[in-house]
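Structures given as structure tokens follow.
Both complexes below contain chain A, partnered by chain B and then by chain C.
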Partner chain A sequence: MSRNRIYKITGAVATVFLLLVLAPKFLPEMKIHLATEIMIFALFAVSFNLLYGYGGMLAFGFAAFFGFGAYATALIISRIPAMPLLLTLAIAALSGFVMALLIGPLAVRLKGTYFALITFAFQMFLYAIALKWRDVTNGDDGIGIARPDLYLPFLGNLSMAEISNLYYVTLALVALGIIACYLFLKTPLGNSIMCIRDNDVRSSFLGYSVYLTKVTVFCLSGFLAGLAGGLFVLFNEFVATNCIDLSMSFLVVLMALVGGTGQFLGPILGAAFYITFQDWVSSLTQRWWLFIGALYVVVILYIPDGLISLFKSERIRLFGNRKRG
Partner chain B sequence: MEAVEIYVVQLMHGLVYGMLIFMVTSGLTLVLGMMGILNITHAAFYMLGAYFGYSLALSLNSFWLSLLISPLIVSGLAVIIERFFLRGTYGGGHIPQVLLTFGLFFIISELVRLIWGSTPLRLAEPALLEGGISFMGRVFPIYRLFIIGFSSLIFLAMALLLLRTRIGVIIRAAVSDADMVEALGNNVPAYFVGVFAVGAFLAALAGVIAAPLLSVFSGMGDQVLIDCFVVVIIGGFGSLVGALIASLMIGQLQAFGSLWFPELALVLQFLLMVVVLVIRPTGLLGEEI
Partner chain C sequence: MHTILKAENIVKEFVGLKALNGVTLEVYEGERHAIIGPNGAGKSTLFNIITGMFKPSSGKMFFRGKDITGWPAHKIARAKISRSFQIINVYPKTTVYENIRNAVVSKFNRRFNWVTLLSRDQNIEKESNRLLDLLSLTAARDVLASELSHGMQRQLELALTLALDPELIMLDEPTAGFTRDESHKVVQLIRQVTEGKTLIIVEHDMEAVFSLADRITVLSYGQILATGTPNEIRENEEIKKAYLGRKGNGTGA
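Now for the complex of A and B:
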């Protein structure tokens, strides 16, 4: 990376971050709510894109990690009230990681459709457990929680019931997650996953361990998805089986695709677009699922490369990886 | 001796559901095998079949006519969907097809709710098949026997078509290597439209037949979608016999599962899918990769 480019990226990131930090001062509460939700799903979509866009691994059951992290968070908050909030969220991310560590070694042996379907199978298995193990998960009724306070060393207790506080916590964690993901892709390990995506046979001849690299990336994206799930429960104050079902799995694929999976910023744009669109449509009509379905169809048929492909200026492309050939 | 009767009755229930699922899945697995398309709209064809069947049976006052006409309408719709939506995504990998058909599934489900409402509807079984017969001291509904017989006939007809006719040979060859079959001078896309339409026809047929048994409700597509996925994965892509075996397994698992461990039946079903995929990723009878 040239020095000039580093300045540009740092400048752009700092500007966006500053805008996001200042946003709650100017926005009405509803919009802060919306922005929080967007950030959570942006993290989820970025973690999916790490696996699919960069790793070439299409997972149809990606909600497994999101949902597992979500359930872990809800269970900890409702059963161990004394647990510090940040530790709870760390456990949520770790539980996504552990679940990925259990599924990954079995799944990454397979490629293409078979990989997609085995992740789907594991996700449905977890879904069935979430639905049927009523003593723990409360089945269809789900688990409602009250947001616990966050204790910070110099600031004291922050009440999470205040939406702007939740916004800042989400912003900090999501930014950390996304930046970690971005930096990971700049490491030799992160480069080798793209190399494996493009040609796994040649990569293994070059001495890369295809299997271990794939498992590592799988676990990392499971970790970030688990964190997103934890944040979502905190935001939603409720978890139910819809966090771990098929629709959630396809939703994250849609978000990544709406934005564009070939670029790092694509999924973030996709999440922002989708959440805003859903919010807008559901305020217009009861039948908003009709429009969500239409969105799927329109995106696939007319903008298969995602919204980000619509403005392909040089400036935007600076942030992206090379387009997949 | 009562225990034995319960088992036999549950076995029959499992057989009924298994055969229904098989009728839906057969089209799905052939489409998947031939063109590599995971067609989620297929479950919507089943649901549409049931709803059209319900309305037609009421307006025509004949179950049998609706059993014929409803699948015809649905397969016409399937051809439209294939022509105008799916065709644009061939060669683009799985993601576009799955998301596109998932979107269409959403749209159809929502339209169904818009037109027919959310309350479950009940379609009466035809007068000919009302009542039950005594069977080992229990009454077993004739209608369920009809389902078993009818779906077995369908299976036989499909087996004959695929194994004994030239069309069947080409379809089977296209499942294993579509490019080569096309290179040999066969119009594979035309055969594919045919398979797609017949698959939708069978799914809708299963929907009409299931209507008196399971009632017609807006969530019926979701339910059958998941079961179909499980069956296709366990049976192996493109394998009709695999789909039959897997359907019967799922039918029995659900029947006996609900008898012995109702809480675990669903979990076991997915566990079975996971185990099959881990041990044999291509499914029971799928081709090796």
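Now for the complex of A and C:
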């Protein structure tokens, strides 16, 4: 990467970050809500992209980790009110990690469609538990929570009922998660993951353990997804089976595809676009799902590399004669 | 002489086919050992069993006296047995430098390092550049592997194999797809880079085999017909028959 490009990217990221920090000062409350939701799903989509875009593993049941983190958070907040908020969120992330550690060793032995389907099967299994174990999960009715305050040294108690406070906490944690993921991909282990995605046979004959590396990336993406799930519950003040169901799994696939997988910024852009689009369309019509479906079709047909590809230097042929395989 | 690799009565059965039928073979430290034989003789199968691609149906494989039978490929690679592929097998979507760096990261055991940045690692960079130089790939450093010529891809294939600093180098038809002239150069290169190391080579080009190998093993129908120096093999009547396609009395259907 040229020095010039590094400066450009750093500048762009710093500008966006500054805007995000200042945003609550200017935006109406509704928009702060929207921005918070975007950030949470950006983290979710980034964690999915770590597995799919960089690890080459397409999981159809990725909501398993998001949902497990979400339920863990809701249960802790409702049953152990004294638990510090940051610790709760750390546990949410860890529960995503642990769930991935349980599923991963079985799932990563499979490839392609089989891998996609087995993750889906595990997710549906967890969904069934969330639905049927009413004593704990409240089934369809879900668990409502009140956002606990966040205690910070020097700053004292921050009320999370105040949306701008929640916004900043979300911003900090999401930024931390995304930056960590970005740096992680630049380490030798991050490189190992891409080696195995690109050529698993050659990699194993170079001494890479395909299995262990895959399990590792599976768990790390589960960790980030669990954190996103925890933040989502905090934001929504409610968890129900929709956090761990099929449509949540597909939502993250859709966001990543719309934005562009395999590109670091793609899923972030995808999440921002999707949430904004959904917010806008659903304010216009009740049949907004129809438009989401249309969006899916348009992206797959005309922008298969995602919205991020529109920003790349290559000439864009939106309606051109792209060769189809 | 010191034995580095020993195969003991290796049998490999695929469904309905006995590819190897009791192969016993010793490879000495520091020799260049060629495995030849007609198509379907079991050369590739033996090669794949040594490198961990397949597990043998029965029999034992020893490397430096250690039983490595049935080890997975990555463990065998870490034990310093390194192979190339008959059909070019590199990382097509990354540059030549990155290809080699992937191997160097593995050699330095940094595969699971997640606390330093790869681009900051001076040792890895230095070693990768050294290998680029050794295989005269420096000019193509930033070219995508898929955009290299066939010859350069072969060189990269060889570079990946050598990057692990193997004690036993296994080359699977390294001259495949070359003209006679180019083939000469490749043999020259192999001779140079395998100096002082142990080499097992599977090769169809007899000229290459006889000029390169210290000893030759001839496989036919999953069994070893003979092992010996190039001269011994050249003189062997049975082998002449096998290569001419006439079957000896006892060699099966």
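Here is the rule we use: the second predicted complex is superposed on the first by the 301 of 325 C-alpha atoms of A that agree within 3 Å, B and C clash if a C-alpha of one lies under 4 Å from a C-alpha of the other, contacts with A are read in each partner's own complex, and residues count from 1 in each chain.
We take it that a contact is a pair of C-beta atoms (placed from the backbone, for glycine too) under 8 Å apart; a residue touches a chain by one contact, two chains touch by 3 or more.
Everything numeric in this text was worked out from a predicted model, so none of it was measured.
Student: Is A:Leu58 touching the first partner chain B, the second partner chain C, both, or neither of them?
Tutor: After superposition on chain A, A:Leu58 lies in contact with chain B alone.
Student: Applying the document's definition of touching, compare chain B and chain C: which contacts more of chain A?
Tutor: Looking at chain B versus chain C, the one contacting more residues of chain A is B.
Student: Output check: A:Phe122 vs chain B and chain C. Expected answer is one of first, second, both, neither. What do you get?
Tutor: first
Student: Considering only touches as defined above, state whether A:Tyr168 meets chain B (first), chain C (second), both or neither.
Tutor: In the superposed model, A:Tyr168 contacts neither chain B nor chain C.
Student: Would you sort A:Ile300 into first (chain B), second (chain C), both or neither based on which partner it touches?
Tutor: So A:Ile300 only meets chain B here.
Student: Could you tell me if A:Leu257 is touching chain B, chain C, both of them or neither one (first, second, both, neither)?
Tutor: In the superposition, A:Leu257 contacts chain B only.
Student: With both complexes overlaid on chain A, does A:Phe277 touch chain B (first), chain C (second), both or neither?
Tutor: neither
Student: Just checking: does A:Tyr182 make contact with chain B only, chain C only, both, or neither of them? Give me first, second, both or neither.
Tutor: neither
Student: Considering each complex separately, which residues of chain A are in contact with chain B in the first and with chain C in the second?
Tutor: On chain A, no residue contacts both chain B in one structure and chain C in the other.
Student: If you look only at chain A, which of its residues touch chain B in the complex?
Tutor: 58, 60, 106, 109-114, 116-118, 120-122, 124-125, 127-129, 131-134, 246, 250, 253-254, 257, 287, 289-290, 292-297, 299-301, 304
Student: Using the touch definition up top, name the residues of chain C that touch chain A in the complex.
Tutor: Against chain A, the touching part of chain C is residues 51-52, 72-74, 77-78, 82-83, 85, 89-94, 101-103, 105-107, 110-119, 121, 124, 160, 163-164.
Student: Which chain A residues qualify as touching chain C in the complex?
Tutor: Within the complex, chain A touches chain C at residues 183-184, 186-192, 195, 198-199, 201-210, 212-213, 216.
Student: Would you mind writing out the residues of chain B in touch with chain A in their complex?
Tutor: Interface residues on the chain B side: 36, 38, 85, 88-89, 92, 94-96, 98-100, 102-107, 109-111, 114, 226, 229-230, 233, 237, 263-264, 266-267, 269-271, 273-274, 277-278, 281-282, 289.
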